[in-house]
């Protein structure tokens, strides 16, 4: 069995989720290649050593270039803050590595385009960590739509709202600084729901008009709490969108939405039925079908179970629940199996990551210029 | 005690709701005047006679002008299809009657303006039937916002979605014909949520950009089901809005939203908390406050009860539920008591009705011209 | 058209609900007789005069015997505290009046039996105010069960929990005193769910074993808050029951159930499906059917609407909501129409009221004797 | 670092959950010993080989005695059908192994007692797989109760209802056969909620009276579907219980509860507040507190997050969700860390498993003899 050797470059919370997913994926899914947790980079050699031990990696380094340049590594897994994605990915691609990057792919669509084109030219495979679409429940939603069960989709309403910056005294961090994060809530959160809308509908967003605001304009300097620094990107944004087939949509995002802890949600209306979902109840899908006995119509709450995509590998009983890291585990299954077979494309790849960045940039431009923007206007 | 004599001009479903509300209001609330159900007009004398008997009115006529011209009538209550509001209201005002009209006030903002100005000049009182704001639960939401409990409002998301025209084979009716209804879902449904947003926030919508669609472009001719006629106004619309204080908002409306039976809803985010409400659970308000023990935070489901506005007149126990007609009963209490006292203004009056029409027209214009429209551009 | 003249004897909160229902019923439903609000008794002549004015009754008295002895009264409506039901009802029956009594019918099954037998002998019609079964949503539940949609019922779980005495410093009132109220939570609350279980299943409870407790054993004397008086009946009770067809059930009741404001609820399991309901969401029924595509199974939330029993008289649009007093309005429609036609029996009548009392007494006895009790053991 | 070498004996679905938990626990939690997945037994050597590869175990065997007798094994993990627990556990204990067994511990309380006493005498540590109490959300519930936030608990209502045998044509399997499973729904499901009630309240159940039924009395022979065989144990059971401190409770269980997929739930009422939970929404706890502003009271929906026990090791953001296997991961963390330190007791151990069996046997006895049974009557 072929080996696939992972080089993980990362910090923080999402790195840990990747590590948990790597540790369980071999038990949860039959893989088509042998997964080798090989090399891990962190910001210092000491931290790298510690994390490597914790996460079961063989080798550690304080310099990510060691991993990118190591001939024994097959896949570079990028869990760094956004502003480093581009440099690491381009270096990895240049060395012929497959690349698995967290979202958003880059700070701008222009950067994302460079990355996608470099990967295409190099013939390496790529995957972007839009993990929420790997949830069995959202896979089920896509299945219902694809089979035409709710008819033709006529409206998409999607949100990704959280409240991690709702308190005005939460100190400034890299998410609020343009050159570290790029966009604010749009890049950090809306990237997910924008990509998910395209996944669910099988359609691309082609034009947008948005509105956005930095509600909390200054935050404490983390190094000197008495001082307040400017927040450089948007706290909240909303956009009207049109998909390629003419379907109308609305995208809302906020990082100051008090009470919304994991407010990724969608309401999808079709000519024959509707779907409602919120990530806070990630194992439930609400489905309405219009063609039954009208005296018995209503939204049905479907609990995800073994009859739905990928669930039964976690548990054979319905309604027993899967968690956040389980989504990541499905994603890594796709990564390993997709790389092990030449014929299989990974999804969502850098091209999709670029398309999402383009839409986010188009929304930001439409906010600035107060007009509808065709996504194609963004290179 | 002064008498207030009602002349009801109407047809159909909302006329019946008014009648039920008139019948119970005298028992539910202490009124400041004696309510007299005096004169009722319907489309034929026979139907008028029947309805008068059913609804407890003394006199009946097949000609609404009889009522408008009757010197013994104090209030004209207009429950006709939209296109008749203007003519009846202007005639009533000319005769010095107070006018209580169903929403939307008129087919266009221009017409609504005529009506509002005529009433102002004549010194008569007016009320528009935006009954949902009279629900104790929504009154509670306003109280929470007004008292600053959720801080400064930073975002308003509101919908009025229903599915009464979701089936493409539902025959065409007056709602789909421009000269009878004016706008489609915007006029019939969004009028409510637009007005409610202003009521809840105590702010006016000043600029808008919308998108809209007639999804089902033809419907069976009700007189010849083999033939299909064109639908002349929008099935769904969405708009980004800004309130006077800069607060961002989104308004969504649809009459083809499969499964949404009474999909009037709002999500209001403030700097210290949030409120979530749907009319389908009209006796529940979800409230999140950010400043408690963070390990015990969450949305609280408040069941409306006697400690909330106007509830205890219906029932002295919390959570026992009030119904659709009860909202109308509060509205009619406001009508009677407001008219009985010179000093009290009715709310929402024709001026507010005109402002709502202006916003709806601005949304329609912004859809057509694909640009942001200042509400003031609409006369 | 025949007249039916009402004599209302009452106090307090439920009297007011009756009054509201009387005021709207004539508009909501076509009645088969003319309803006359004739005579009202309260505890003083002054209060009676005031209430008669408020509620639209013609005459008033401070002595209920005046009404019971008045030859012009057809129906005696009893809204007094429980301990007076028997005396008033027997006097009314002796004078050939029909009797409409609030629940529980009497302080003991023995008393209820006297009342039921007297009415039967006198040939007068009787109705007990178990109004919750008149809610369109619960009528729908019965329809689903009766049609066999959930197969044979195999389990009934029902509660009536509230928290009106949850605070240990709420002063003692008549509900806590045996000779005024009889049983505690069982009589005041469980009466509803016990009766409702029989209505829904079309089966009678034949044997029971219960457990009960007075959790808060003393309460402030309302006339001297420093003093605490003994609470004489149960705060909470639970019982296992068997219906006539062998179906198992559980009944729970509490008046100290913190947070439950209108905690009347049922979970009904059948061989083919299940129903879940709570009165706090009185316009929603959850229905699960087992025989559909297993990958699309789930509980459906049905919003009550015009396709369900009695709803369309209140409103022709689904999901618009009906309230607490609307249930009472259906009950009074049944009263008037049932009395106007010789052939129609009222339901639930004093016989059903007696049966319910018998079950409650059986539960109390089983608690005391710590054994299963056949309901027939109670006379 | 000390090694703890696991010998896993199992089949089926729960074995797989253990395997997934073993694979991720080392990444999720800091362990106090090195976990070694050493030896795995299945019903054939071939299957054992395959599972060992899948689950990352070093060695495999078709004979569980090989593992029990292997001096290199520290912990025997028993995932077999119920009827084998006793024999394996006693053999393991005799060899001085620590034992980690799935629930219910044994077919009868008498057997469970033997096991518990043997372990106590041998001085080995034991753990029973009541994994649902390891869910951060249920740990939070216990924390709230223990801290007195809802006052003194006055009532416990708990269920474990599922529908895996709701279809009468589901063939008979070992769950329905007395000598393989012991009790039916009581043993398979109610074991969880009975144990959980004791965990949550910190009180033991001391007396019970139950009722039970085998609703579907025959099922197809799995080897000859035309033939129907008798179901030998109960499909559903309900019991009233009393805890040591006098608190009342109700336990319900069913394996034919149409629509309940993971119907483990509890409603806990205290003198100052209440808690509501269902495992189908395993990341939500509903909490009501009675002592706030009465006009803002309501059940709060708390989404489990990093401020609650054990959550942050899975994810640092609230509301992101944990899954079924994550509970098992917490359990295995407790196992490894508990064994690695002499001073730490495992919970819930065989003594608790025995106590639960005793309660279940007492319920079964009370059903048969139709009387209250003191749990102490069961040896």
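Chains here go by letter, A, B, C and D, matching the order in which they are written, and residues are numbered from 1 within each.
By our rule, a residue touches a chain if its C-beta (ideal position, glycine included) is under 8 Å from a C-beta of that chain, and two chains touch if they have at least 3 such contacts.
In this text, all values refer to a predicted model and were calculated from it rather than measured experimentally.
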Path length in the contact graph (chain A to chain C, fewest steps): 1
Between the pairs B-D and A-D, the one where more C-beta pairs touch: A-D
Chain A and chain D, separation of their C-alpha mean positions in angstrom: 35
Chain centre separation (chain A, chain B; CA means) in Å: 41
Whole-Å gap separating chain B and chain D, where each centre is the average of the chain's CA atoms: 54
Residue numbers of chain C (touch at least two other chains): 297-299, 303
List of chain B residues in touch with chain D within their complex: 287, 294-303, 307-308
Of chain A, residues touching chain D in the complex: 13, 16-17, 19-20, 22-24, 26-28, 30, 54-56, 162, 164, 261-262, 279-284, 303, 305, 314-326
In the complex with chain A, residue positions of chain B that touch it: 150, 154-155, 157, 163, 166-168, 209-213, 215-216, 236, 238-240, 242, 246, 248, 250, 252, 254, 256-260, 269-274, 288-290, 297-299, 370-372
